[in-house]
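Read from first to last, the chains carry the letters A, B and C; within each, the first residue is number 1.
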């Protein structure tokens, strides 16, 4: 992983001003960069740093005119920030996909197959009848139950756990400690106060381009042939609860510690903040935005609303009501004063009687 | 795992109408079932499907009279839904308990013993002095610390972690990533602003027939000889926090992401929804029902209440108050209008002074 | 781990009354203690137990005068409770640090080094270029990514996961299932409704004397050279979410299930209760106290406040407002009565029109 400045300029469609054979092995911020690293300058208020940076090269706008002499090499491009992002991504791909081969000891069951460039870390477990695509990375301590399928280019970080029958698409990233396919929370109350376990026999389907954070849990569906489904492009943060038979629509983004109860269908392109709770058997319309800690006990039918509170209502109205909530003792006092002025001696309660 | 229809009818105490030698290897919904599968018909509105289903057999009420010709075999019983549930359970048991034997590599310490039909998955770790009952399933990556005891028929899914000294009863199921016996959160403040760790030396006791979801945490008790206790029949969902010295009474059910602080005693047969928070050192009466996201800062002494809010009060009253909360800006406006009518020029604040 | 009473008295700077050769192997509460165990008597209301305890020795205040004959040996000290705490800590250290050596199979990559008295449990994984200090305990199933550093006397319980580049200080304890260094939740919205992953290239730094509970998640910083930082002496409970680029000031204590969003800086010596949510890019002043389930959408600039609600305000005012919230239906009724008395037939809404 070492490039020359001229190789990087070629990758970005830019031009070099300075030593095009300078070696680059890392990316960094302009104020922190050291020899061997490349930085970028986009916001003019950081211009001062370009005259003192230790970076071997800096990506700048193609019309950049230095005010002092420069020690660093320049890469001249249309948009330095976008170019830097492109490098970040390339670097990240290199890092993410550099591991290949099988570390020992690892476990692989019967009738399981994998495509090319597999990385299987030590102490990872792959059960029977598992189908793994190309370029898949299975980090140490990952558990893959029987009959799981995993698409191409998917990364399972250390200690991801996939119960039997789970299906994961292409280009997914799942972080450490996340559990997919555990039993839904289903118990039938009995006459004697105990509960009988309702067997959970469905599975979980994760479509393509889904990212899932760490220590999140997605339960399987209850019945045979049914699935808890996370549609393509969904992004889930850490410590999220997704109950049995939930469906999360494509490109919906959910922040940490949110919980979605059983059989609820969340629409597409929703933005759900952290610590939100959504009850079971609901439908949440597309493009719904839920503020942090919101509670949703009923379906949301109108698309595109921004909601807060428990139960949720319009976020602006919530804040207006809350402003008055903070003054409630005053409000109560003002009301009592009024009652005195009009000759009510004792507050009238809701039953219509004084006292 | 293949049965004939006559074997299934015998198991359910029912009668066969059709081909009693038909082979069954799976259960399914009547509208989705395929050859080799058995479905059930209970709700009359699904009757249409029995005439087109691909199922090899359908469980029906014993007085069922088909309106058209049937291609499927019938199993006639008292209550088709209950009979189907019985089959589901039997199937689930077969699935759950089919794994036996020891996969390698796995680790077992000194002086540890196990009963019959043990399954010990690869990369599972069993410490010293552990006692394991009959028919126990220890999936891959499970960690069992020193001197743990595990009862009969208990299933520990992949990567369950039991700290030293934990005691688990019979017929328990614990899902992946759950941690039992970690240190309680105890730190004594020092004069210099730092905290000294209070050693946590107790353990956790899980009684019989307890189910625990994925990525839940149950801390150990603080002192020697003390235990955090989960009584028989309790059902805990995913991502729940149970702090040191908590006791959860029998047959109580707790939904995902709820947290119970240290030394609180939760009663029997309580129903606690998701994302509820309960403070420490409280007593929660039997049969208490707590709505989602409720916050409980004080003990609940009266049994059988349904509560919501923070702090909690009666759930119906909460919703009535909340309905007015949503109108608070209007209420404030109405109050201001009244003040003008009676000649108050400036609102009177809670200190009793105008202005 | 067996001591004589005289050895214990020497450790505590106390005197023995009774058999100084009595053997002690355990600590216990006075009412539960058995032969071979030592207890303490501090609160006079427990004095009754000293006359019946089975404990081989009891730590008492140096001026303790028994009212009846005693069967147990006494250790006379200045403050029995503090002395007992000292013993607890010593005992805990013995327990915590008794494991040494390397269990097999375990994995260690290239160019990794460790100090003296390492414990490396079976199925633990240590990557390339890892630096481990003295007296470190790495329990089974721990994952240590490439180029991690771990200070002296640090304990990583079973299944802790440290992503590549994480830095852990001295005297830290991290409990099972906790994930440190997972990707921050960063996705750039695209014109077509999908999201592009923003590579997460920073790391996490945990300073000295930090305790972290079970199944907590701390994400890495976004950019190279940036870090999510947990300062010295911080105590984090279970199931906490700490997002990318967060900094938690020294000696701050955070209870279970709280979440802190990206780039927020929490001050020093804060006390944050359970299930609190803090939005991103905020600054929380030193010595801030946040009540359970509080929600913080804006920076807190004034130090030393005690806050509650969503959005948070003064905790006492919150409870005063909430007391009126519970009476809102009555308040609304009283308002309507007043309107009738002054001749308003229909409530006036916030637009200023009757009706």
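Following the convention adopted for this analysis, contacts are C-beta pairs under 8 Å (C-beta built on N, C-alpha and C of every residue); 3 or more make two chains touch, one makes a residue touch a chain.
On a predicted model such as this, the values are computed, not experimentally measured, just so you know.
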{"item": "Angle of the C-alpha superposing rotation, subunit A to subunit B, to the nearest 5 degrees", "value": "120"}
{"item": "Same or different residue numbers at the subunit A/subunit C copy interface, by half rule", "value": "different"}
{"item": "Separation of mean Cα positions, subunit C and subunit A [Å, integer]", "value": "25"}
{"item": "In subunit A, residues with contacts to at least two other chains", "value": "105, 123, 141, 159, 177, 215, 239, 257, 275, 293, 325, 327, 329, 331, 335, 338, 342"}
{"item": "For the subunit C and subunit A complex, residues of the former touching the latter", "value": "105, 107, 123, 125, 141, 143, 145, 159, 161, 163, 177, 179, 182-183, 185, 187, 193-195, 197-199, 201, 215, 217, 219, 223-226, 239, 241, 243, 257, 259, 261, 275, 277, 279, 293, 295, 297, 310-311, 313, 317, 320-321, 323-325, 327, 329-331, 333-335, 337-338, 341-342"}
{"item": "Of all residues in subunit B, those that touch subunit A in their complex", "value": "26-29, 32, 85, 88-89, 91-92, 103, 105, 121-123, 139-141, 157-159, 173, 175-177, 209, 211, 213-215, 233, 235, 237-239, 251, 253, 255-257, 268-269, 274-275, 292-293, 322, 325-329, 331-332, 335, 338-339, 342, 344, 347-350, 352"}
